[in-house]
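Scroll down for the structure; my scribbles are underneath it.
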Amino acid sequence: MLEISDLVCGYGQVAALRGISLSVGEGQLVALVGANGAGKSTTLRTISGLVPARAGSIRLQGDDVTRAGPQKMLKLGVAHCPEGRRVFPHMSVSENLAMGAYLRASDAGLKADYERIYTSFPRLAERRHQMAGTLSGGEQQMLAIGRALMSRPRLVLFDEPSLGLAPNIVEQMFAIIGSIRDAGTTVLLVEQNAFAALELCDYAYLLEAGRIVMSGKGADLIDDPHVRAAYLGS
Amino acid sequence: MSTTSSSAILNVEHVGMKFGGLTAIADLHFDVQEGEILSLIGPNGAGKTTAFNIMTGFLKPTQGRVLFRGRDLSQTRPNEIARLGLARTFQRTSVFADDTVRDNVLIGLHRFGDDTRAAALLDRLFPTPAARRAENAVRERADAIIDMVGLTARAGDKAGSLSYGEQRLVGFALALAVEPKMLLLDEPVSGMNASETQGFVRLIRKVRDEGVTILLVEHDMPMVMEVSDRIVCLNYGRLIAEGPPEAIRTDPKVIEAYLGKSAAKLEQREVAHA
Amino acid sequence: MTRFIAPLFLVVFALLPLGLTDPYLLNALIITGILTICAMSLNLLLGFTGQLSLGHVAFFGIGAYVSALTALGFDVSLPFGLRVTHEGGAPLLGFLLAILITGLAGYLIGRLSFRVRGAYFVIVTISFAEVVRLVALNWVELTQGPLALTAIPNMVLPVPGLGDMALRSKMQNYYLVLAVAVASYLLIARLVASRFGRAMRGLKENESLALSLGINATRTLTVAATISAAMAGAAGSLYAHYIRIIDPDVFLFSYTVTMVIMVVSGGKGTLAGPLVGGILFGLLPVALRPVMAPEAQWIVYGAILIAILFLMPRGIVPALEGLGERIAARRKAGDKPTDVMPAKMGANP
Amino acid sequence: MDQLLQHIFNALVLGGTYALLGIGLTLIFGIMNVVNFTHGALYTFGGYAMYLAAVALGLNFFVALPVALVAGLLVGAFIEFTLLRPLRRSDIDTTMLVMIGAGIIMQSGTLWIFGGVAKAVPTPFPAQPLTFGPVSLSYVNLFVLCAAVALIAITYFTINGTKLGRAMRATFQDHDTASLMGVNVSLIYTATFAIGSALASAAGALLGPVYVVTPQMGDLAAVKAFAIVILGGLGSISGATIGGFILAFAEELGAGYISSGYRDAMGFLIIIAVLLVKPTGLFARAERIG
Amino acid sequence: ADTIKIGVNEPLTGAFAASGTYVVNGAKIAADEINAKGGILGKKVELVIEDNKSNPTEAASVAEKLITSDKVPVLMGAWGSSLTLATMPKLEEYSVPMLVETSSSGKITTSGNPFIFRISPPSSVEAEAFEPSVKKLGLKKVDFLVINNDWGRGAAADFSKMLKANGVEVGLVETMDQSAQDMSAQLAKLKASDADTIMVTSAVDQLTLLFKQMAALGLKKRIITTGGSQNPDQIIAQAGAAADGTMHLTTFLPWWPEKTPNPEATAYFLSEWKKRGFDFAGATESFRGYDGIRTVAAAIAAGGGTDPASIQKGFWKVDFKGLNGPIKFNKSGPAGKESGQSKPNVYIIEISGGKVNQVQLGG
């Protein structure tokens, strides 16, 4: 579904990605792991069009979308749940969710989608009218996840969705990701909780200093001694 | 629950906090002993960050009070609390984004070698030799702190251009620059992977060994269980459990409200470690 | 590279009058110098603490009035049958009082308005300036209101061994302004380099983080506001004794706008910025005057302002600094090619 | 008593116009975070647009009004497109200065084109006032009040009740994330500035006929608009509306019963007083730390 | 030099741009007329016109520039009183005389500046001229509404003094900011007062607004404006019926050139004004620029030299008929350093039925 080849990009004079290639198959859950500053977030930002690519290409279902820009990507069904929550602070929880559904052409099924998110995260239901900026860190993270799902994407890019979530909510979150994958949505997942991500994914890439250094089935990476030492802490 | 004991560095006494109709903290009561690593855990929205905000003077509790080394903090402003030796980090990344990492730490060290002599004012206004010496000392100290958190390679980069995990380290370095007696860390390892977390644990231990008491808020349970001397668990702003890690891990109330199935995994890991 | 701007300016402007015979240009330089002092003082707030004062002219005006009234004397009756009379005294006393009283005003405004930040601070300062202007306009007994204070004496300086010297000539006034400007510059430069300067920077960028590091926001900002106000007050005093007549028009909002233009176009938060911006926008109207119609002068003035910001959004001095850095980086890269270039600030998403 | 009643009526009319000035600015300053020094110039522009449409082109008064409004919309879009767009990532002081430059150009341009002599715009309303006992109210003022209220209501609904309004708020809170939601951020920038400008222009077009049209008419209006916006809380339409009425009552009653010399000081004194009591402004946004 | 330079220091941009421009246009007519007749002392006059931006600091700088760079031996300016006051130290510094054409502040001629010669009336002169009419109009109690600057406050003070001396009660003194557009609060207060007459001092734009707002409030009292900056035709055009019944003290009667002290000159000035495509309404303001330059020319001729000192001496010898009466300077201010003040005629006109009528009450 998503095909990235030789992607290069950076900020100012900093090179963040030095030519990476990866592919995500339809309906797959692909994990991207790597150390702080490796360029994981940058990869996702480039796919969704927030950061322009300097070289290389991004193809979505065969079409070149390297310079499509965020709006176009969303129209093509790519949603990005950004790093660091990034909720709209002066809008209520429900308005934030409504922003997630901004591009949806029709309101059909909108109600059901709200309810689905509220049942997944009951805390959000409780706080429907609270300004998102005053939510606790974890509550904001739940909101960010819910918001990304509101567009009914075909491909979701999750950037550290477990960040700041309580252990029981983390589990729930992984369950949700598993279930949307099972429902046919493709997922590209960046996670520091590498163990959980590698367990859950169909395929994984390891990013170091802006280059892909390893890829394979999740289980294979878990067993790799380098990965164990550098990312799993054992 | 413990009452004010002589070795407690921080006493939280029946603190409550309401936002409009919402009770974020209800009658919170616990102590932190000098030199320990105490973790504060609890579900999202339980009131942990709010408790930090109260302890550091950013919020005034609607009820109760906090004592730091026996001193009531209710009328004390955040900057004064920092000067008393109680420093914190923030849950959301918080750095001086437009300055380099080194300048960040220098700002944090703005009181380094503080002295109230009248001559200090002169040093400020004229480039006396004493002023130059002080300036060199402060720069050395900054580099030492940066080295300690492992950011030496990025010391000259703008803090805002660092990756998320690196920015969290800058936040930690800033708190260290205050030379605190006690550190409040709000989710310090979020955004770090397991190996980076282990490095950070070593760092915390080192800081503690230098005599700094640590109160930790963190959702990374393996890390919490490993590093804590004692754990306090909150739910809906109330204390639901308090005790050593082993007790908390198996406490049914904590499992129900917070740990969920991960409790079982923690046990496995423990076994694997053993 | 930009380190040399200030010393260069000092040398050029110290020598300039020796080759300059046109009193009109000298007059323009004096007025520009006075406004540049104001700009430097505004920069202390806007550039280094990040607080925009759009009422800065209030301190300038208060300084002018205090100094003028000290020299001229006054006789006012207050409520409850009180009566205050002052005979009129030495202009130098007025200068010192102007600094003292505007500093005090700055302190009070700081105490009051630094309970709030950002936009709210802006409006408190505008409000303050407007209220002060209206007081100057309506308290006729003290200020003569719109009738203006006239016949303000020239500044008199005691010269050791020579007795008092009245600064009647332009040249004398020019060097007085230059001396005050140099003193202001040095004071700001030292402040900014000290830990007080670090505290200001911290507050400007992230206030709650700064607080958590023990930086006393209220005190730091109030001290900055006090010094800034006192400096503007000193400039006001110089103005009063040079122009020798003042009326409530010294509180015109357009003076504040001019100061802001000088600071931001030159580069706020840099030491040399207000100097460069001050000289440029102080002398630009003088340069435009002979070449075009009055309305066109303003249009060109506005267009030049916009053009500068389009080319150098952070101001002239930071742009020069950036240029210098890039040249240095290129030279270094030439020496030993490296893969990673030093980080440059990009937009932070 | 009669005098008080008259003051109250006056303040209501004045408050409506202040509120209209305030909401235009609250969009640009409060929501977009651009310190808009062209607001006064756009207000003046509205006055002259009305003059051109009604006097030079001879259009009907009620046709000329929307013409002026649309002209303001276009000028606003143009300013955003040419001046603000290239500086989108610059800081607030830089854009403020560019707006100062633009304001200077617009005002001097107006002076150059139209000269300094005031222009009057005739209205179709009867000159005789409506009288209720001791209180008089002119038809024009009544019309202006109604038009202002209608424009405020429409704006309020647009910002708080439509998808466009939501996208506007989202964009200026976090524009990268807004673009991830599929918002056409560039369009929103232009639209917001244009709508704010149209409101300023509408205020000028409505008040031009009540007063006279001069190149300086916007100066005082702009300062007051800033005060209103901040009194009411940044970015809040209802706050700006209430702020407008508070300012009007303060000025009217202050001038009536305290001193007309300090009339314009009243509003500012109120602001200082309010901030003393409530340092976050009347309608503060909830913020949190940590 | 083959020309005589006259510096003109007027507000061409900023708050007073309209008035300053009118004055300059009047001045140009005078200069062209003088040059067409061969100039003075055999030399043509050349106006050096500078904009003081309605800002006192600029006014002072402009004076400095005109004197030192352009080397003008004499100036005319600077419209507003604070603008004029700001230039005065410069005149002393360089010993160059200036003709003041518009400013009304008493201080200008009483502060001991011997380089000042004024043809516009300070409000005390106006009040004096109006005195005989007080009884005839039957004034009992008068309120004031004045612009909050030296001009308005000076008028309120001088007229109050004169009225009190004539047994007329003085009530409220309300002020308005020079840029204020909404005066309804002041008017509501004046409406509730028991005075029979309101004396108003302000410039034409604000007067227009006042009359409209008075009508809107149903305020019907006798209105008398002072200050000579009314442009009645502009008021009629812009305030319409609202201006009906208002009375105005003016110093020039362009409506009836034949009734003016110098009918031919008035007729010439008005025809030139029209020929150049200017608005008739501006004539009441611009005639001061015209008379001002003619006065300067007369001073040059009388002094017999083109240096500042001769011109200063010449001013004292000036005696000719301006558009509003004889121009001749009387001494004013502290002995030894007197300024010159000419005393123009003052007329009362009334607007009724959309027309200007002269009120013959004596005076």
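Per-chain residue numbering starts at 1, and chain names A, B, C, D and E are given in the order in which the chains are listed.
Heads up, the rule we're going with is that contacts are C-beta pairs under 8 Å (C-beta built on N, C-alpha and C of every residue); 3 or more make two chains touch, one makes a residue touch a chain.
Here's who's who by UniProt: A, B = ABC transporter ATP-binding protein; C, D = Branched-chain amino acid ABC transporter permease.
Not measured: the values here are computed from a predicted model.
With steps allowed only between chains in touch, the distance from subunit B over to subunit E comes to 2.
In summary, the chains found to touch both subunit A and subunit C are B, D. Relative to the C-alpha centre of subunit C, the farthest chain centre belongs to A.
Comparing chain pairs B-C and C-E by the number of C-beta pairs in contact, the larger count belongs to B-C. Subunit A and subunit D, compared by their mean Cα positions, are separated by 42 Å.
Averaging Cα coordinates per chain places subunit C and subunit D 31 Å apart.
Between subunit A and subunit E, the centres computed from C-alpha atoms are 75 Å apart.
A straight line joining the Cα centres of subunit D and subunit E is 36 Å long.
The set of subunit E residues touching two or more other chains comprises 13, 148, 175. In subunit D, the positions touching at least two other chains are 108, 111, 176, 219, 261, 264, 289-290.
For subunit A, the set of residues that touch two or more other chains comprises 11-12, 14, 50, 134.
The part of subunit D that touches subunit A in the complex is made up of residues 163, 166-167, 169-170, 173-174, 176-184, 235, 285-288. Residues of subunit D touching subunit C in their complex: 29, 35, 83, 86-87, 89-91, 93-94, 96-98, 100-105, 107-109, 111-112, 176, 219, 223, 226-227, 230-231, 234, 259, 261-262, 264-265, 268-269, 271-272, 275-276, 279-281, 289-290. Only residues 12-13, 50-51, 53, 55-57, 60-61, 64-65, 68-69, 81-82, 85-86, 88-89, 105-107, 111, 148-151, 153-154, 175 of subunit E touch subunit C when the two sit together in their complex. Interface residues of subunit C, counted against subunit D in their complex, comprise 46, 52, 112-113, 115-116, 119-120, 122-124, 126-128, 130-131, 134-135, 137-138, 208, 253, 257, 260-261, 264-265, 268, 293, 295-296, 298-299, 301-303, 305-306, 309-310, 313-314, 347, 349. By the touch rule above, subunit C contacts subunit B in their complex via residues 187, 190-191, 194-196, 198-199, 201-202, 205-206, 208-217, 342-343, 345-346, 348.
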